[in-house]
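What follows is a group of structures, each given as structure tokens.
Both complexes below contain subunit A, partnered by subunit B and then by subunit C.
Here is the complex of A and B:
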């Protein structure tokens, strides 16, 4: 026969203070874990969602990131641009964009001393390939002018980079003429302008950084990858856009390691605390346990009942922890991408996965803390239990 | 003081509970200790001897943006600058192109003729120094690195370029010992310049490292150098080598805030755990308090005994926790360093004092409410009290 659940609930309610304190202790532990996980989840999501499924990034072999790669205009025009398998733009030109990537430094709200941002120079094909961009304010930059457009994350986090402001980088000033939004999070942290203007400013000669290519379909994408990687004249690394961005999310790993480490140590601590609470509960209810046994409840049902009580405590803790981190959901913050020395803004995400892991974590703490006391309760002899003070 | 034995007896009365509480406290204090030590090492420490006179000038944007090499002579002319060299981070791949921690170590190009003047604290035999300076493709490695990778003098090391498309074939000519950083490889800047020439690239420098004549000269040098290039093609940022090392932390996000909020969460958790236990053990003893009162113990004495017990428990927990924290610090020193500060991580006396203070405060805070109400209960109520 099972002891009704309401018995446990009422007990927890009677010992309100203890219940709240124990649950809150577990909650804080869960919160640390959930916060660090939501950070990496957000970062991963930002990068994962940033790749177009049919697009490839071409970089110099071994360079690892666009920033350290070089591709010359000549090799782009002669070897890459007119390759079969590349999709066509509306204008009939191939969807291949030669791009220039640099980092620039602007003071942000969080770090007034300046934070690094990715600055990208593109040509008309580059604009055409960015159909996902919508100009929320202003307009696209004009070629031949010292104008730039900035991502919505840049506009909101960097006061100097708002619409109509001029920002200084390279050899002079650039007018911000537009703010764009895009469903690809990593692109929202960029400052984009005319590549030819920027080449001069950064003294690059005719050396661009990378090439973005869109394949006609998946078969063509595979063929392009093979033929471009094998191209002796170029020595290029060919990555799908998704692969490229996923690699960048590794900068959040350290935070996740530290967060998990801290959470595990804290969890052992909270487990001891939960154990303490449950032992006290068992000790105080000694007579009750005896009575229950006299009434005919088996040892097993007493064991289950106390174990369940500890699990309820853990669930309360898990919920409290998640409630604590919930305000972090959607909070925008920036992190330096390790390969680019530039900041990428992303949003913390308390995903269902994060919530589930945190709850499981809380339940493990509750189970580990409740098991021994529950055994203790079940083992009590009826007579001694009834005689207990 | 007379009551010390009583306090200890009380603390040991429910051994299982005291053990659990102390373990829980010890773990939390251990964590708090490591985090505070890390915080202190990162944000409140001063440069180790030998480093305090060194400054680094880089492009204002980042070390991946470069500066013209002629800056060097202009910097040398700044009053207070004793010596300056070009220092270029190289990166590249050693053995594998995966991000493999095992083969990851800093690789730098520097001007060999003056390198040792800017790093006077390095110990390296004179003949090795000369052999390195005489060999354009020579390199020197730090003692820790040599040990980790098994490098010996005369070994060949091949590095594939990543950021710079230049492949290096180096020969180990010397092994240096440094009191704070011995895990880098240094090779001749001339060798790298040759690589750039064959690519048709102009000469440039990633950073300039300089030695100041005295600590007093440092602020002046920083101002003078940055002002000199403020409107040049490549504006600069000059900072101490120590601050330069720390600036890489910024890429991990807001480390300061992350550390502080974790510390806050841990402290609060300890408070909850300790308060919970003390409340439990005080409640159990209300009747006993009544007996003590009939024996003539005053309110204050009873309060003192209860507070003493709570403080004793948290002190024991703190003691164990701090020993574990120091152990963890020693382990963290072995981990691959992100910044050199973690390599000498230890619980400083100041951190120790703060943590003991915190644990005493926690002891008082966790117990004051239940102890106060127990001490104030009248004798009759206390004796009548059933739990």
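Here is the complex of A and C:
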């Protein structure tokens, strides 16, 4: 670059109020985009990280989610449970868990009127297959009792679901006897109890929702997938557990679409602000432009210099936007998953990808706002530029 | 009045029937008309004349800051009217030093950075650029003001920085447009003495536009323009006050 960068930096410093206001405008735009992206990034991470690599979820064909799926105890016992390729638990029983999924409504800190939560009923195999669960407080529920354990996100976000509290759903009250943690983020938002107790409460007869199956290995997992999918008596959809949760991350898509739309609308405003700032800079420095041309700087040098100045503004705006949104990183929030109609708690993530995309967005705003004024500066005739004040 | 620099001296600015017209609304204004001028290397010429006589226009054409509408102008043997934009920019950086009436320093750059600026377009390395800029500032007596910004300098000092910037690339020709127009008498005297020194000691060809008869007298030759026409050597416009010789 022929014209020194210090020329642009110092000019931005001299017009510091305009520079700050313009950069802040771009920053707000970037912050809206980055916030919506960090939300979906966090949601995706929560769902992506959830699921055992060798586990399959079996649901009724076409149901899409456990909540709307039905699997009978008979089908499970007769057709699924003893299939070859299913891993064995320590007890020697097959690692296949018949599970019941419902939603319950509890007031949360953010929604005192109540939010839906996933309520899962499991049998002893279900507990045994959750060896990654750690009881951080209390203990597991006892079968045959109206007891539940709650995920750590539920305990922290729902005041009524703390250890020792009773929560109402189904036909009566349930005592919270334990708070669990798990490396799988999506599962921290569940309330888990005895499936048989819950079947009665929800009058489901012997109809459960889904089956969780753990394969012996990857080859067995593929074989199980093929055989269960082809099983005419069942008509099941067979998904890997990870695939199932990843599909649910689409719940954040709408937020991202809306966020991006708002950011684009704001970007148009920011672009005009940047353009206005740069046009003012060009007008104010007309004599300098003329002088630079007299000294031998080409039109291209002038164009590059003013364009770079606009990009510096954009970088400042991008950084400001990221700084604004950075405190959101790690913040726990919840979203209603569209497949389960229940809230999933997750942490917002300002990932490097979010930061990079936001910076690129800021640069696009800067480029769009700076290009025309830069061309205007470069197009000026020397004598016109020298006379303009 | 006129003092030739020697018959053998090379003509470095040659205009023939040089004409410049401007369109102003529906009128055409003739700023220069059929100007024939030869400037030899090493000359110091003052261009004088009433406002609107075409002095600055002639200077702008010599610096290739504007294009003639008629005639030819050759500077250092180049037909600058026929050169492209980029070539002209390079040529100007290499061969022309321009001094403005209002100094035209870049306010956000220090005196040193202003002087170094034209050298950014050369192939000189940073160390060489530094050395050249320091030398130029020393020559104009401002080596102790290198890191001052223009607003921290007096008018006279600003113009000396501008002269340092004009000479830092060691150009063949210095074109000065009313270089003392914004200065007090003392500063003007310093600037004119400097230009005279650059001409006499360093052999720079100086073409200076001025209204000030006192300033003009620092030149070796004074030429007058009137209504766009260059008057014959030694002839001033009617009612024009002939400057007193400089002591």
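Just so it is clear, the second predicted complex is superposed on the first by the 388 of 389 C-alpha atoms of A that agree within 3 Å, B and C clash if a C-alpha of one lies under 4 Å from a C-alpha of the other, contacts with A are read in each partner's own complex, and residues count from 1 in each chain.
The definition used in the following text is that a residue touches a chain if its C-beta (ideal position, glycine included) is under 8 Å from a C-beta of that chain, and two chains touch if they have at least 3 such contacts.
No experiment lies behind these values; they were computed from the predicted model shown.
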| item | value |
| --- | --- |
| Partner chain in contact with A:110 - subunit B first, subunit C second, else both or neither | first |
| Subunit B versus subunit C as contact partner of A:62, first or second or both or neither | first |
| First (subunit B), second (subunit C), both or neither touched by A:32 | first |
| First, second, both or neither for A:2, with subunit B first and subunit C second | second |
| Greater residue coverage of subunit A in the superposed arrangement, subunit B or subunit C | B |
| Partner chain(s) touched by A:11 [first = subunit B, second = subunit C, both, neither] | second |
| Partner chain(s) touched by A:88 [first = subunit B, second = subunit C, both, neither] | neither |
| Subunit C contact footprint on subunit A (complex, rising order) | 2-4, 6-7, 10-11, 13-14, 287-288, 290-300, 382-383, 386 |
| Complex interface listing, subunit A residues touching subunit B | 17-18, 21-22, 24-25, 28-29, 31-32, 39, 60, 62-64, 67-68, 70, 102-105, 110-111, 114-116, 169, 171, 203, 250-251, 254-255, 258, 262, 265-266, 268-270, 272-273, 275-277, 279-280, 284, 333-338, 341-342 |
| Subunit A partner contacts - residues on subunit C that touch it in the complex | 60, 63, 65-66, 85-86, 89-90, 92-94, 98, 100, 104, 106-109, 113, 117-118, 120-121, 165 |
| In the complex, subunit B residues that touch subunit A | 16-17, 20-21, 23-25, 27-28, 30-31, 35, 60-65, 93, 97, 99, 160-163, 165, 202, 233, 250-254, 258, 262, 265-266, 268-270, 272-273, 275-277, 279-280, 338, 387 |
